[in-house]
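Note that chain A is present in both complexes that follow, paired respectively with chain B and with chain C.
Now for the complex of A and B:
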């Protein structure tokens, strides 16, 4: 039965997932074309100096891309469920309702992991081509919360979309607006190193928040 | 015969607004029950409670012995559910949606689904969202039939359908239900359709039940008499035997469970002069309006 749930989710999001991943790859292409350009025209020594000592982040345009992807992906996956209250059909399936929601959430999370994983791999690979390992490692630490922001936004937007009570929706929106910037505070390269693990744990905790919205929907609260 | 649905002392409020109080009814296995009522009398509320999408303020509904608030997957697999407006996963096409649902029901029967689909002029890859209301209704019906559920709960199945599709839907559904001993609990705004479909009727008014019996019994016992009063100031609406009394000038429509002799005797004994007394043959829709009133 879980295969059927995954099939439905795939039909909903496949084009979004492909387009968003291509968007991410396009942004990476732009980043590393810029790196190549700057390395040639600004002199490699000067360019490295700027990265190491002036805090230049050659990948700064990537910052909001995973967040955007998480938000769009959450809408693509969950908005069709609330149109005409279609989620009633989902809850009516012969499966435990919480289990259905968790399968949907896990599908979304794994999809984002794959999409983000491709981007991170390309980012790491292309970065390693141009820079020393220390620079690439610092960049990887820096982009980690940006990608966690994508997951956080995905979970919270899903919770907002499934929430049947407007008051709670507003409350969740406020929480989202206050919470997401924590991932995206300006920082020197590698500056998030001490907090990345905590942010990961926190992101995993909020992953189940959509169960509360789904419960209220099932009980007909409005 | 086993009761498939058993609702006891069901009450519900939206905030302080009472929808109904102490509503009790049951649906026997193999029967088709139509829940009729004007807008706002609690039809969809009842459907939502039955499916576990709404927690009643009081009372309980049992479906195959399960409390509707905690339906087990086994019980849900025996229930087909048609949402008002034939809502389905409209982002799928007819092949995808059949593949999706078939994964949940071991007893899935594709034939009735594809049989219905063959009547629609749609391509297998056409998204459901691009189909007409009538075509979407056939997709929803086909899925319920393929699910081969023992109990079908249909919320306002006639919504948005033109007469041809309504007739097709009803005739197909009734033939299927009767041949396979399926139980149906349904609501519809279009009462005349229900007459062809249902065995039992449950008619609700605001916060109370007006009638609950086999539809044949209701149609034979509930009567309409028309007559003209000599004195148009006469008002019979407060009399015990009168269910509904509609009067325009001196022309009267009187609805009652009593027979013609009783009404005539009453009028004669009360000294109420009248003429052109006739019993009017009613359809279910006429009887529904007679029972619930025009307003």
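Now for the complex of A and C:
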């Protein structure tokens, strides 16, 4: 039964997941094409200097990509469930309802981890080809909250979609819109180093939030 | 589990509103506070001041004598030298010293160190300039160095270590007893300076070294420091008088300078500097150094003569925003505020500020009563909402919004 649920999730999201990952890789391609171009046109030493001392973030166009991916992925996975209240069919299965929701969420989270993981690995690998580890490490610290924003948005958008009452959906949207910028505050390269760990833990804690909406949906809250 | 998920959502709301609402409040109601401008007058041998009063700019001295703008500028001839030369009011000599514009300019210096400069991620890689190339302009080198288990130069074009150069500098540092890795590297990593003096590096044993490159060879000098003296920040300077290499801030927040060529450590007789919350500004002129320590609600100035002895000092404070009307009202509404960035640091973290006093308790109690009636209206037993009451009691308006957004309505 669990395998079937996971397979159902896979059917729903597979093309979105593949396309979003390809989009991410495309953006990385653009970033490093830009790096190669700028390295040649402004000399590598001047380019390094601009990164080290003038605050140039060669990867700045990446900032909202994981967020966008998280939002689209949440819609791809949860929107079909509320069309004609299809998720109610899942709730009628002889399975623990919380567990079903958690498995769906876990599936989505693992999918995003794989997709983001590929991007982060490519970002790190290509970065290490062009730059010294000091530059790459600072870049990794800076992009971490951007990817966490993707996870945060995924969990909260899922909560919004599963919420049955429109008024509360709007309230949750307002909170989400105010909350997500915490991950995206402008910062110098490496400026997020004291907070990345706590943000990661915090994002993991948010993951169970959609149980609340699912519960309200299940009970037919009006 | 679902109940926990509700509290997680309430927590998110508390964090969000604790960040957003106080931010919006200050955006709407915070009033500017114009700090006075004080300068030490070499004519009066005392401070003169510019203040905004009722929308007007008032010039005076500390005794209360008021000046016109031009009279005020004449009290500060070294600061307004160009204006005084144009208006023909520049004195020929001051305190028996003949005034020559070149001499005045050579002795003029300005230095600023913000708390944010100290509390910020360091690049870890630095360009080592050729300090005696024979050229007028400095050139950006092709490599950048790090000092970890050895001194390594990394070619930016190939992203590989330049072994020969790295070996050369590592051996030179080892020869002078440098203990790897470095704890701090300070310099002026720009080609826009009058000349290059390389870097000042603190090694693993807290010893201070001067390292530069002279005709492609390493120059290393170990600076003798008084016993137990440790530095938390070094800011190198490039002033025309070439008297010292840098300002050094000790771990006990004392300000030192390191004199050029003879490497003498001299302490400024300045007390009470707080590098975490105060901006340090040091103005130098022909006769004095004025050391300013500027906080959000106060200003301290110590004036030194050219022998670095204290000749005058002044301090003033004014109400900060929490002490003003808008801050008092804030104290009645918000029990705390949270932000991810602060003016005194480049690092992002959760900066939690509890509001001073307990005026916010009034609103918290009001919200508790209101929540009680809301639960009654929703026909929910208030006993089931005990945790909600605790949340509102502690976090006030933030928790109130949180528990209302995510209703405590469970069917079992």
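In this text, the second predicted complex is superposed on the first by the 222 of 222 C-alpha atoms of A that agree within 3 Å, B and C clash if a C-alpha of one lies under 4 Å from a C-alpha of the other, contacts with A are read in each partner's own complex, and residues count from 1 in each chain.
Note that a contact is a pair of C-beta atoms (placed from the backbone, for glycine too) under 8 Å apart; a residue touches a chain by one contact, two chains touch by 3 or more.
Every value quoted in this text rests on a predicted model; they were computed, and no experiment measured them.
In the superposition on chain A, contact is made by A:93 with chain B only, not with chain C. In the superposed model, A:208 lies in contact with chain C only, and not with chain B. Once chain A of one complex is fitted onto chain A of the other, the partner contacts of A:219 extend to both chain B and chain C.
In the superposed model, A:42 makes contact with neither chain B nor chain C. In the superposition on chain A, A:60 makes contact with neither chain B nor chain C.
Touch criterion met: A:8 reaches chain B, while chain C stays clear of it.
Counting residues of chain A touched by each partner, chain B versus chain C, the larger count belongs to C.
Under the contact criterion defined above, the residues of chain A that touch both chain B in one complex and chain C in the other are 219. In the complex of the two chains, the chain A residues touching chain B come out as 1, 3-4, 7-8, 11-12, 80, 83-86, 88-89, 91-96, 217-220. The residues of chain C lying in touch with chain A in their complex are 1-2, 4-6, 8-9, 11-13, 15-17, 19-20, 120-121, 123-127, 140-144, 146, 154, 156-157, 159, 189-190, 340-341, 346-350, 405-407, 409-411. On chain B, the positions that touch chain A within their shared complex are 48, 51-55, 73-74, 76-77, 79, 81, 83, 85, 87-92, 96, 99-105. Listing the residues of chain A that touch chain C in their complex gives 39, 43-49, 52-53, 98, 129-132, 134-135, 138, 141, 156, 159, 168, 171-172, 175, 178-179, 182, 185, 187-195, 198, 205-206, 208-212, 214-216, 219, 221.
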